[in-house]
Amino acid sequence: MNQWSNFSKGFFKENAVFTLLLGMCPTLGVTSSAIDGLGMGLATTFVLVMSNLVVAVIKDFIPDKVRIPSFIVVIATFVTIVEMTMQAYVPALFDSLGLFIPLIVVNCLVLGRAEAFASKNKLGASVIDGLGMGLGFAMALTILGSVRELLGSGKLFGTIIYPENYGMLVFVLAPGAFIALGYLIAFINQVKKEA
Amino acid sequence: MLKTFSLGGVHPAENKFSAGQKIAVLPVPEQVSVPIAQHIGAPSEPIVKKGDEVKVGQLIAKSSGFVSANIHSPVSGKVFKIDDILDASGYKRKAIIIKTEGDEWDASIDRSEDLKTEITASPEEIIKKIGDAGIVGLGGATFPAHVKLSVPPGKTCEVLILNGVECEPYLTADHQLMIEKGDEIMVGTQILMKALKVDRAIIGIENNKPDAIKQMSELAKNYAGISIQPLKVQYPQGGEKQLIDACIGRQIPSGKLPIEVGAVVQNIGTTLAVYEAVQKNKPLFERVVTVTGKSVTKPSNFMARIGTPMNQLIEAAGGLPQDTGKVIGGGPMMGKALVSTEVPITKGSSGILIMPKEIAKRAKMEACIRCSKCVSVCPMGLSPYLLMTVSDKAVWDRAEEEKIMDCIECGSCSFTCPANRPLLDYIRLGKGKVGQIMRSRTK
Amino acid sequence: MAKTESTLKNMVLTLLVITGIAGTSLGFMYELTKGPIAAAKAAKQQAAIKEVVPGFDNNPGDEMYELTSKEGFALKVFPAKKGDELMGVAIESMTNKGFGGNIKIMVGLKPDGTLINYQVLEHKETPGLGTKMDDWFKADKGQQNILGKHPKTNNLTITKDGGEVDAITAATISSRAFLDAVRVAYETYSENQSSPKADNNTSVEEGGTE
Amino acid sequence: MNRLIVSPSPHVHSGDSVKKNMYGVIIALLPALAASLYYFGLGAVVVTLTAVVSCVFFEWAIQKFLLKNESTILDGSAALTGLLLAFNIPSNLPIWIIIIGSLVAIGIGKMSFGGLGNNPFNPALVGRVFMLISFPVQMTLWPKPQTIQLEYLDATTGATPLSIMKEGLANGESVSAIMDKLPSYTELFFGNSGGSAGEIAAAALLMGLAYMLIRKIITWHIPASIIVTIAAFTGLLHLSSPDQYAGPLFHLLTGGVMLGAIFMATDYVSSPMSKKGMIIYGVGIGIITVVIRVFGAYPEGISFAILIMNGFVPLIDKYVKPKRFGELVKTAKA
Amino acid sequence: MTILILRYFCQPTRMADIDYIEHEGVVEAVSSQLIKVRIVNESACASCHAKGSCTAADLQDKLIDIYEVKGNFTVGQKVILMGRKSLAPKAVLLAYIYPIILMLLTLSGTYFTTNNELLAGGLALFILLPYYAVIYLLKDKLTRTFSFTIKHQINES
Amino acid sequence: MNVVLITIISLGVLGALAAIILYFVAQKFKVFEDPRIDQVEEVLPAANCGGCGFPGCRAFAEAMVKSDDISALNCPVGGADTMKAAAEILGKEVKAADPMVAVVRCNGTCENRPRIAEYDGATSCTIASSLYGGDTGCSNGCLGLGECVDACAFNAMYMDKETGLPVIIEDNCVSCGACVDACPKNIIELRKKGPKNRRIFVSCVNTDKGAAAKKACSAACIGCKKCQKICPFDAITVENNLAYIDYNKCKLCRKCVAECPTNAIHIVNFPPPKPKVEKPAEAKAE
Amino acid sequence: MEYVLIVISAIFVNNIVLSQFLGICPFLGVSKKISTGIGMTGAVTFVMVIATIVTFFLQKAVLEPFGVGYLQTISFILVIASLVQLVEIILKKVSPPLYQALGVFLPLITTNCAILGVAIMTIQKDFNIVESVVFAAANAIGFGLALITFAGIREQLDLMDIPKGMKGTPIALVVAGLLALAFMGFAGIV
């Protein structure tokens, strides 16, 4: 597999959200606005890249049976780092992402990539994989966030597109998250079929 | 409140055009085709060859198993050939074709009209005679009567129930029989009671036949242990399970037989045949057939020989109407649509119903709207809408779980469905498959 | 390269090493971010105070003291002074009557109790409904604006309840709760006004942590 | 020879049809429609027409362009959804909101699942609740009923009895004090109070119920169990503390209970199949309605209650089967 | 009245009607009293396309011991494993629900008497030990209860 | 530094604990899933059609990994390429299975076979066949309700409106056999695709006697045995009034084709006839 | 009363799946069959309760006293991951047949957000131990309620003809959305 396709698969072909349906909780939970989605996506990307990197480095030293706990420790470390950094430097984002930051730890995507890719591949490929999957995840979250923000409050990244009065509040709330994602996936499936 | 069965049921328009028409004896046809499979169970084995001479009532095919029945020649003449012909099953199957010559009856048959009330035969002899006479259930199921009467060891029969319900719209054969042959039926009942060793018999008759109820009640006074049970008009009251429920309030558990609740059910026509077989030595080779329909000129009840081509009966009833769309062997709810009117009458043919085109065509099927009407009319308490879906999607284990095998194929569900869904079509498909699976499992 | 075998010793060792490294890096990271986190918190507080009582030149965080409201909430009071003159106080007030639970607001009161400004700090109201309180009560529309009003002279309850403030449309509950938090701030502050507050003023010092 | 038609049995049909049922319900809704026209005038006309036309249009458009299957708009179900949607919203709702609501009802609530018969949730209620949550401001402004009014968007508005009650209780007033501010029960019965276009006149809705029962379009199980449950539950509450909880009659005559119990909960598609199941479903709706009304944030809860119970229908259908023949065995004495 | 209502709804539901739950498996080993059947756990994960990336999945083959054997089975044969349907809830009850109830009781009991959080928590966890000890002692009985049977797979035509 | 120390200690303890627990878990739950199963599954078409005789692609992959001799296994959908790829992963040999294709053995078009009744039941061949023999005089032939077409997951079939018979799109057919199983009348058969896709078969399943068969359908096999006699390779057998050509024996000489009085024998993909006289109605050669 | 409110809030008003968005993966993944859903609920309840007790311990006895609160994430996840495995071992050791029975009928997928999320939430809410456990159990029941209802609807939809484009995940998400919409009616009860 060449590096470009290794990188780009995360955006479409193996997109974590749209095709693999991994990490659904943050996908639904923090996408009430595009910016939150983007922030969460980037945080996840960071953890993904770093943990892939570390796992690729240490993979040969780890006995098989403690593979998973070791990976968990690695991932959890980076999650905590993200947590503390965000709290220090972007407190507002930290507040709005809330519980979902520590939950990056259990995002199947992160552990899954470490397990399925980084533990079997070379360093470079692992980092690129992490970057691709992570950015793909971030892209998905941003798209969903944009859709919800636009439909729900008439804004996009905080800029007013049309008066808020015309927005459909549901999309900011829980039901809207499910519904918007449902139709988004249906739409993407359709596009994929035609492509 | 009149008695009736406890679950579901529908009331289709009765359309009993041929009611009150005296049973007319149909002339002996020039040629008969007697299928060797006209009952439930193994087909009989022909014992005649091409060219053989036969008499009316002579055995021409022998029962080939426990559940099977003898077949007797309905005419006298020469066996023309034994060949595959299209019969009411819609498939080509083997039949004995006989060219008629005269009308010479087997000597042992008592052809006199007088009533013979004294029953001399022992229960075992009765059952043997019934078996020999090739009597099968004339109510439609064509189950060999002697098998039904042989109560399995360990079970006892408490009551005999006679099915005079005739709940199918249009049909009047049993009704007319009760009017014309009441006494014979009473004696037949006594014979059956003796065979079953019961002292109680109930004749269930729906309330839309007040004359029959009246006449039979009168007659019953002369016969011990026989009572008449008028019933509310409701389809499928004639179903064995429903009739037992209606008459004695007992419900046969899933997968069990009537004897489980101590009852045996026989049809009115069967009872008459039993009388004739036991008292008059006459095997089953003719039966009453109703020929009817909206545009039939002379809706009638005929006494016809088995093997007579249906078009002869239709001719006798005034011919096939111009607007014919469908010809049905049996009633409109359970009968079988025929591809051709040339198929012969069999022991199970209770009627020929001719439907005009405009009502024969089914309406377009729509999506199930879950109106639950099929559920509420199902006399077996099933969920037809679900059974259809699981059959369509081939989810056989679910079909079994939902007791698809309990369905009695009464058609009430398809009749009712506002979305015109062919529920029963699919349920039959499912029953077939599930039955196959269940059998393979016990193997 | 041969993989390390899964013996018990290897496993424990590996995990110990990994957790050790993780622990070390986390510990350092913690040391590193501890300051900025505290600073971010303080900055947030400072910004809020600045918004609700502008124009002070002291460090209100240093002079913070606590009051207990009738309802038993511990309210932080930040005196904002220009020179020695008390410009007003910023009070971190709260209520538990919100639609989604607690609502925390910062209210700026002039020494006489007139409302200067407010800021909503924390809440769990429905986005798009309750969240409108962020600026609803600052807007000059109908009888929405409560800035510059005095809880004593103005009936700061919603019109539906006979007051003179327009509730947020379709978020009556949040509006009531918000005004309730304002009331709590005012009442607690004014009640303690009469008592010698100077003592309080100096007694609680550890508020602004290093 | 004349070619004969062959088909499996049965060969006759009751003549009932989907269309007949749907138009039957529409006919049953006519008295209520008349009442709403009488009290809300132009607004009711605009709202009803918009909802019906847009529901039918969306169904047609989705079938034509997305699903590419045969159109079923003539079976009356889309029109019925539109009508019921219109009955569930204030008669001064802006047209664009109604159109969105219709799109949601038909698009999300019905056609996403494949159309008539497949939707687990009541489409009209999906539309209504979607609007309620999306546009709470507009959806809670109720025009005051008055004889033949000609205003639409700028009709004078007022609160519904239920929200007056809820507000009042929240402010600590007693039930009897609040009742004095409200129309009498007789007035409520004939519809003279604020509310959704179609829900106000209990009398008209009951006429519809009678019609549907006689035509055997629905059975009594669902409406009866809802009404009885609500009456019993609110009755108990009222008895326990008459000043805190309004009585059963109040709860039955106000808000959408009648409309919901008679026309919305009975929707074939989203209600259980067995009689027993229907009763469980009805009781569930009744209880949830009262809980939301009495303890929840919303003054009215029947829409939510029906939707929630819609969610449970598959479970009910799976575990509560109609009584099967032969299940209660009465065997012969041995 | 209430009794009537209760009766109405408490008639045995259809759940009990179909007694067996079925599961596909392959015979792994046959001995005189016992057949081992390997099943692929149908934990939904088995067929999920994302399972490769999902470590949460417990895609494991499991070996089930069958004691009651009727008929001949050979290694490698595909069979249907049947367990009484009522087993599933019973297993969940025994393995999870009862211990939870026990824990809740211990926890609240201890907490409200001693007001010591850590003690209460500790005891609640500790109570599981005797619970599982009891289960361990009941081993034989449970073995009998949770037994499976197998039958030949039907080749559906 | 204190904090760092505590961190290390507490994490270390936790880590050690986890290690021990997991060690035991791993001991107890040794499950070995051959990684090659995944690899093989990867190259399979993921159609999960069951054409291979296993419940799904994964089961087939397992079978491939487990069995030593995989010559009996074949994925009809993927065909030879897939099998080769899979075998490569496993280092095993595959014998190229003969490519197969489905053929419809009924030529009872509306023209050849007059309808004597009109079917009005549920659109399902199985249901119709349980009701009766069909709406023509032939009770063996195609019912034309397209159950086979519904069964085909590969878009390889359609119902020809003109003839009322299903048509197989040769290029799409992967010979999964779903249609064969679906047809209640056993009309569809999988046959060897043949060299250059050429094949010859009897397009009829009617077992009636000659006259009856002929009466019901002008293209029916009447069991006259002329083809059997002329076949130089003994490829044709006639049983129950019906001829059958064994595709393993047939050498595509085409002698039988002209011999058949009812044109019941079909040839597919042969070049257009040379001077020869009139050709049988080639229904589905295109 | 306090406890009742916690329970009602966790089950209906702030349902963990339908309004908190936790445990969505098993919610979507293990909801094809009602029976598996029921088993899953039992397993989740058990694990959630024990995990909550253990993490409560960890928080109060280790993290807080030593001032290393920032280790919450990493230590909780380690504890939870090991705990799940431990439960399996114990069950298997204690009663193999029981374990087998569970194994056939239900999956034990428990390293999901819901468990960790609830553990963290109880700490955030500053509950005492009993409240924490009640909260955990109530959340698990809420999870079960959503899961089983959802599985019921999906089983029904499985028998229906859903339009091609919507089949599978999309329609499942729409159903979840509508269920969430319906559950919004409970808003404000507590």
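Going by the order they are written in, the chains are A, B, C, D, E, F and G; count residues from 1 in each one.
Methods note: a residue touches a chain if its C-beta (ideal position, glycine included) is under 8 Å from a C-beta of that chain, and two chains touch if they have at least 3 such contacts.
Treat the numbers as computed from the prediction; the structure is a model and nothing was measured.
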Worksheet entry | Touch-network distance, chain A to chain F, counted in steps | 1
Discussion item. Using the stated contact rule, I'd like to know whether B-F or D-F comes out ahead in C-beta pair count.
Written reply: B-F
Practice prompt. Compare the CA centroid of chain D with every other chain's and tell me the farthest one.
Written response: F
Worksheet item: How many angstrom lie between the CA centroids of chain B and chain G, rounded to a whole number?
Response: 60
Item to complete: Let me have the rounded angstrom distance from the C-alpha centre of chain B over to the C-alpha centre of chain E, please.
Response: 50
Worksheet item: Any idea how many Å lie between the Cα centroids of chain F and chain G?
Response: 46
Discussion item. Centroid from C-alpha atoms only, then distance chain B to chain D, rounded to Å. What do you get?
Written reply: 48
Practice prompt. Could you list the positions in chain A whose residues touch two or more of the other chains?
Written response: 21-22, 64-66, 68-69, 73, 76-77, 80, 84, 108, 167, 169-170, 173, 175, 179
Discussion item. I need the residues of chain G touching at least two other chains; which ones are they?
Written reply: 25, 70-71, 74, 78, 81-82, 93, 111-112, 160, 165-166, 171, 174, 178, 181, 184, 187-188
Worksheet item: Can you list the chain C residues in contact with two or more other chains?
Response: 6, 11, 14-15, 18-19, 22, 26, 30, 99, 129, 173
Worksheet item: How about chain C: which of its residues touch chain F in the complex?
Response: 6, 8, 11-12, 14-16, 18-20, 22-24, 26-28, 30-31
Discussion item. So in the complex, the part of chain C that touches chain D is made up of which residues?
Written reply: 99, 129, 160-161, 169-173
Worksheet item: What does chain F use to touch chain D in their complex?
Response: 115-122, 127, 131-132, 135
Discussion item. Using the touch definition from the top, list the residues of chain G that touch chain B in their complex.
Written reply: 159-160
Worksheet item: Contact residues on chain A for chain D in the complex?
Response: 165-171, 173, 175, 179
